[in-house]
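Letters A, B and C mark the chains as written, and numbering starts fresh at 1 in each.
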Amino acid sequence: MLEAIILTVITAATPLLLASIGELVAERSGVLNLGVEGMMVMGAVAGFAATVTTGSPFAGILAGLVAGVLVSLLFAFATLTLVANQVASGLALTLFGLGLSGLLGESFVGKPGIKLPSLHIPGLTDLPFVGRILFGQDILVYISFALVAAVSWFLFRTRAGLILRAVGDNHVSAHALGYPVIRVRYLAVMFGGACAGLGGAYLSIAYTPLWVENMTAGRGWIALALVVFSSWLPWRLAIGAYLFGAVSILQLHTQTLGLGVPAQFLSMLPYVATVLVLVVLSGNRRAAKFNTPACLGTPFVPDR
Amino acid sequence: MRLELVKRAEMSRAMMVLSPLIAVALTVVAAAIVFAVSGHNPLTGIWLFFLEPVTSLWGLEQLLIKATPLIVIGLGLAVCYLSNNWNIGAEGQLTIGAIVGSAIPVLAPEFDSWVVLPLMVAMAMAGGAAYAAVPAVLKTRFGTNEILTSLMLVYVAGLFLDWLVRGPWRDPKGFNFPITVTFNPSATLDSFPVGGLWLNLSAPIALLLVIVFAVVMRFTLKGFEIRVLGQSPRAGAFAGFSARRMTLFAFLLSGALAGLAGIMVVMSEIQKLQPVISPGYGFTAIIVAFLGRLNPVGILVAGLVIALSYLGGEAIQTSMQMSSKVATVLQGMLLFFVLACDTLILYRIRLVRGRHGAGEGAHA
Amino acid sequence: MATAGGRARDTSGTPLLEVRDVVKTFGSNVANDSVSLKVMPGEIHALLGENGAGKSTLVKIIYGALQPDAGEILWKGRPVSVGSPAEARALGIGMVFQHFSLFEALTVAENIALAMPKGTDARKLGRTIAEVSRDYGLPLEPDTRVADLSVGERQRVEIVRCLLQNPALIIMDEPTSVLTPQEADQLFETLKRLASEGCAILYISHRLEEVRAICHHATIMRRAKVVSETDPTRETVGTLARMMVGSHVAEIHRERAVPGATRLELRGLDVPATGPFGVALKAIDLTVRAGEIVAIAGVAGNGQGELFDALSGENPAPSDGMVLIDGKPVGHRGVNVRRRAGAAFVPEERLGHGAVPGFRLSENVVLTRHGTREGITRSGFTKVAVAGRVVTDVTDRFDVRKGTPDPEARSLSGGNLQKFVVGREVHREPGILVIAQPTWGVDAGAAAVIRQALIDLARAGSAVLVISQDLDEIFEVADRIAVISRGHLSAAKDAAEMTREEIGLLMAGGAEKRGEP
């Protein structure tokens, strides 16, 4: 039972973790991209379509990544090149992504998908309890953790990461020192798009190998909340994603227990939990203050 | 080659009018491309999508029916966005408004009086406002990000409605369909003929609201306060205005209007509750608000344009066997174009050739 | 070579930096019009000019942050093209910015690493920072976050960051504007030492006293052009000012104040700090009487902003009796109640606080005067015509230059906007005027007009409180002077009895002593 719960928590947490680690990097560079939901759902439809068409879930992963990057470029062009309002442009990206994915995915509704295979190492995977949890996951689960480690190392141990943080903290100074603010932000937004695309692809080729319209069901928004929860620190993000994964799995298991709580109320849990977590966190603003990128959401126009 | 922005000394008044028009023109071009790519004659597609729906009286009626909730919600959202309050949960406020407003006809179907309609409207507006008050209070009290909370509450509202119509409010004689009883006539809005069109009271109310909002925004201190706090909170405080009270005001107002839109849809079109009562009016109204440049009269026009895209989507579905989802894609694109074109109000765009300028060059 | 210490300038050698006929335009605005400049090795070279004279543009071109439209730059006799600040640093040009270019969330070491070439060893850097900073008398802790540093310490980071690149030329943009007189003296010692080691310094300032004290040579700019070059030691402050401004600046007329009744009074004003970086106000006592101007001096960030907010009511005091306007307790009341009681306020920041950038001037009249019962609003409606008449009156009296009758606030130049913002309040003939940084970043002509208006207002019977960091300005207008330091205010003393040294000591913490047991 416990093993089953942990396994399902992992599958619920992975798409959140993938999408939010990308957004964390984008926000660290000072860009607030509220279009995570849109990028995710595009990743989901592209991943499913490529998987079904080619027969390979790995092609699906790649397609999801590419789709996420492509739509993130729309946002980047509007907000970075044309300095459009970041909040409104993020909403536009979400509405656009939901619409386009619905259109592109119409012919795939109801088609059977192909599930991303899980790792199987004879001996290790067969170990009792820890075997499947540690050695029996699919590649995206391992990628999600690799990404957290890589982002953490990149941000705090490399010069490029230092530059990215500098751009997010004070774009005027970064520009004055000669750093390419806009280019850094383009790259950060594209990384965010790639990760959101992967998160979406995970939903349609690993979580439930199906395409359903709007199948992200607000996970992109929860990913955004997770970034706030983490106070822009990668490892705290992983903890947050797994906590949320646990909450959303809780409802499934509670339903099977038959407590008589209507299913709809249990389904509300992740959303209500998000609101509650945001409220608790905002009560402690002083702690978050240091890590919040000071330029988050503010446009930059160099004077020439 | 790259784009370079040159700041204008003052906002371009011409571009304030032109930018939404350019955005619409770009969307038409995008639509033509979509039609061409899917193997249709782009001109036929444009005719069917943008023009054919308004060539019939029935089409015009449908246009007004779809535009009305968009305009009503858009007006409230504009007040939010102008004052820098990001309410994106209008869809949820619409849902809760519709639920609260429907309580009388669902729970007391025998209650038959002229007060039912005004009561339903008042209750819907109160319900929508109360639901919008949640993110507003969380923002003013704890500094919680209102974008995320208002959005999360949309999902909660949708699930709540789903539970009601499948559970306690389900029509016992409804063959187990997830619907409530059909409202009795005292709880529905009748249509009446106006110059060949059959209209109900919703559209005139929306028009009246547009006029009231236009006057308030342009000529009153309240409108001034809304704009000051949005553009420059520090200057707003210096003028003696309270950003916190404005947050509450803007959310309550937009929530009430979303609730009003919700009950209008339920009273006139559906006449009962069901799991889905809105084709995303609350989200589409965000596009309407921006396309109308957050200006009441602009929102009136924008609401009609966006409503047209709904009808256009249906038209190409029946005539060209294309998906009606083309409409949502074009709506999303339109919002992108509007936001991008708004840049022209504050900046001139220059195309620069050759080497990169300051700061964007190679870093040693 | 210029001899260290001796102030004679030897121009026989190759200049370290030569700028020839540089032109830069922004749209229709010419910022640099055929500007030429020579900096010799080891000299402290002043670049003088009013705000908007084109100094900053020239410096940004030298530092590679802007590209010139025409002209050339020679470095050690060879023509170079400085494509970016990184290229400038590679040549040996460093810059200390006026508004610090530091990253608050990052540590001192990280801030410095960002200005170093790629591949710098991060661990070694920490040690080097500690060494160099000690060596030059600028002690720094590499692992502190910049957000936790004082203004003076931040400037040290900027300077050390510059020094670590072993520059041959350091550009300093208004370095003393944020320092106490004593801190400034320390800085001058560092600069003299650097010059004696052969490092040239391009020193941008409009403080003529200090230019005379430390610079070997001065280039003076006016309206985008170089108008003269001189040895500042052979000039007086007066002659330098004339070169800078061009014509005689209108003299300010000031008679002795005959103070009347107390109009503004602070009684033990205590305001807790808002936010982690705020300053708490501690038991501030002050009276301002009719007919006089009282000035509050102090280094930026010592509670001036908090004091202004407590006076204006944007952040009300904890109790009513802490702020009295004409004897009426208003400490707990909002800004419009205070305005109706006869007070008027001009904040430090013109755009975004005193005025909404994207609003027309008439709308900006509504901003501060909608609650004063002057007919600018009536039953909830704004009366644009009435506000428009105020704009006309203010424009006429204060000579506000603008392109159209009612332009957006942001389209006005700094000086004209400040004249408007001050004029908007003076036009009301307020009984009390609280004004922060009245002439910050304003050209000399506009500054004279504004200072005269303050004096005239006071002499007509109003009480005027000026909060300023500019000691020249304070001595020009104030009848009494108090000093604010870390939220404590010293007792206001007669301006004629105060010296700069005394004010400097109070700025550096002397003002606090009084507040402690």
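We take it that a residue touches a chain if its C-beta (ideal position, glycine included) is under 8 Å from a C-beta of that chain, and two chains touch if they have at least 3 such contacts.
Just so we're clear, the structure is a prediction, and the values are computed from it rather than from any experiment.
No other pair of chains has as many C-beta pairs in contact as A-B.
The chain with its Cα centre farthest from the Cα centre of subunit A is C.
One inter-chain figure worth recording: subunit A and subunit C are separated by 45 Å, centre to centre, where each centre is the mean of the chain's CA atoms.
Mean C-alpha position of subunit B lies 46 Å from that of subunit C. Spacing of subunit A relative to subunit B, judged by their CA centroids, is 27 angstrom. Shared interface positions of subunit B, defined as residues touching 2 or more other chains, are 357-359, 361, 363. In subunit A, the residues that touch at least two other chains are 175-176, 178-179, 304. In subunit C, the positions touching at least two other chains are 64-67, 84-87, 89, 118.
Within the complex formed with subunit C, the subunit B residues making contact are 6, 9-11, 219-222, 224, 227-228, 231-232, 234-235, 237-240, 355, 357-359, 361-364. Listed in rising order, the residues of subunit B touching subunit A in the complex are 3-5, 7, 81, 86, 88, 138, 142-145, 147-149, 151-153, 155-156, 159-160, 162-163, 166-167, 283-284, 286-287, 290, 323, 325-333, 335-336, 339-340, 342-343, 347, 349, 357-361, 363.
For subunit A in complex with subunit B, the residues that touch the partner chain are 34, 74, 77-78, 81-85, 87-89, 91-93, 95-100, 102-103, 106, 175-176, 178-183, 217-218, 221, 224-225, 228, 262, 264-265, 267-268, 271-272, 274-275, 278-279, 282-283, 285, 301-302, 304.
Those residues of subunit C lying in contact with subunit A across their complex are 26, 64-67, 84-87, 89, 97, 100-106, 110, 113-115, 118, 145, 147, 276.
Of all residues in subunit C, only 27, 64-67, 83-87, 89-90, 117-118, 312-314, 334-336, 339, 345, 347, 349, 352-359, 363, 366-368, 370-371, 377, 380-382, 403, 407-408, 410-411 touch subunit B in the complex they form.
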